[in-house]
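The first chain written gets the first letter, and so on, giving A, B, C and D; residue counts start at 1 in each chain.
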């Protein structure tokens, strides 16, 4: 039998909290999605002013990062014509995202979830996703 | 130009809080989705133990309740073979839900959002959705 | 070579005009969709206050009525468990509608388009769809 | 509670009117779609001779421009292999468009809707979309 480690809701909220704080600091209202290790949504927040198109995009970035265990910007690098991974972004009904802003959440070397941000530039989305992970790691350190 | 009223994130969290409290009281971990008045996701929480299939079902119930301005259990009553509304549940790519557990959120006679619950029986989902609205109304009363 | 007769845009506007007038008379803001004889959208209007979920439903009703050359309420009658047509509403990715409110537009015994209404009860939708056709026929009579 | 401003039907018709006049002037029958600020369809017209594939493309351009608050040709510039936004065009079930011809409609610094054109070259689509906005602004100036 496999034993799976999965983010709990309390931890998902920490990831959102850290991402939201950075989004507020840079003045970009974001959509923030947290998935479990299988890519299924755990928590979501559209900050007041977040884009409606980003509702799905943020979820897809988090899904991709967790399910494929890969940052979406890493998929971006290989999703180039001529490269054998080219076209990956249309897989799974288009849910695989190669747009920066999705990061796997790793604990003890295992992927336990994913975080996806959307509404800013890819760089802003990446920055806020990382801030979510940093905050989660810091808050979890004492536990 | 039309002027539309829409739930803000703080209010979406109140709806989730009220629904979660009831779900904890009856011992059923739920997926809880809150949409704006057009049916676009504002906030989502999968309680620890909530079903993965309910991730989409809860969102679809909230979408239906807000966008169609109708409780999903009201659609259920008319979605009967021979009734002129039969088959409504497959519309909009199957997103229209006629399963109990989705309620429009109304303020001053206007639909400002929707709440959708999934993971329990339809009756449990309905009870927790209503608890979310009750809590939201009570907490908002002083504002 | 086949010669196809198809609504023109001016005629599509007449269909919408007639449907809107009735919708205003009964006080129900509607989504009104007109398709050509193949089911492809020609014209659409969401009256102020029409439901966002009805954007797709109205189009699917018009699509069904034109492409299948059948009123959606006629599909409703045969879409009953045990009947050989049962389940038709999930075909074409769920676009086939068996909810009342879609009517084929016929001229000289040929289907030249479809009209679909959504936002009211199926009976209201049907009434306004018929009003659209009546107005179109009356305005076209002199041509 | 948030207060949102949204195009009304009368304004959507002005946008279509301006776009159609330009399309007629350049001799290209177009599909013209207008959405509200969330990306839901408000009005649509397929000019006689407009392409059937453009029915969806025009709607997706208008959806993208409104929901993502960005001209589709701006997405085009960043949707290049190697750029971190590459692949954005397959998101939201492929509804995000990076083909020129979709523009957000802005009033007083807010996005209140979107316009999408399709059937010509992207340059023609862009020209007619802009003509729709110009006409709308001019006609609204006196209000």
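Quick note on the criterion: contacts are C-beta pairs under 8 Å (C-beta built on N, C-alpha and C of every residue); 3 or more make two chains touch, one makes a residue touch a chain.
Per UniProt, the chains are A, B, C, D = Heme-binding protein.
Predicted, not measured: the structure shown is a model, and the values here were computed from it.
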Checklist line | Selected interface, A-D versus B-D, where C-beta contact pairs are more numerous | finding: A-D
Note to self: Counting only Cα atoms for the centres, state how far chain A (Heme-binding protein) is from chain D (Heme-binding protein) in Å.
What the structure shows: 29
Notebook entry, point to check: Could you state the distance in Å from the CA-based centre of chain C (Heme-binding protein) to that of chain D (Heme-binding protein)?
Noted result: 25
Checklist line | chain B (Heme-binding protein)-chain D (Heme-binding protein) separation of Cα centroids, rounded to whole Å | finding: 31
Next item on the list: Any chance you could list the residues of chain B (Heme-binding protein) touching two or more other chains?
Entry: 2, 8, 38, 40
Next item on the list: Just spell out which pairs of chains touch, all of them.
Entry: A-B, A-D, B-C, B-D, C-D
Item checked: In the complex, chain D (Heme-binding protein) residues that touch chain A (Heme-binding protein) -> 2, 38-39, 63-64, 67-69, 81-88, 90-94, 96
Note to self: Looking at the complex, which residues from chain B (Heme-binding protein) come into contact with chain D (Heme-binding protein)?
What the structure shows: 1-8, 11, 36, 38, 40, 107, 112
Margin query: Quick check on the complex: what are the chain A (Heme-binding protein) residues that touch chain B (Heme-binding protein)?
Written below: 8-9, 38, 40-48, 52, 55
Next item on the list: Provide the residue numbers of chain A (Heme-binding protein) that touch chain D (Heme-binding protein) in the complex, in ascending order.
Entry: 48, 51-54, 56-57, 60, 73, 76-77, 79-81, 86, 89-90, 93-94, 97-100, 121-123, 126
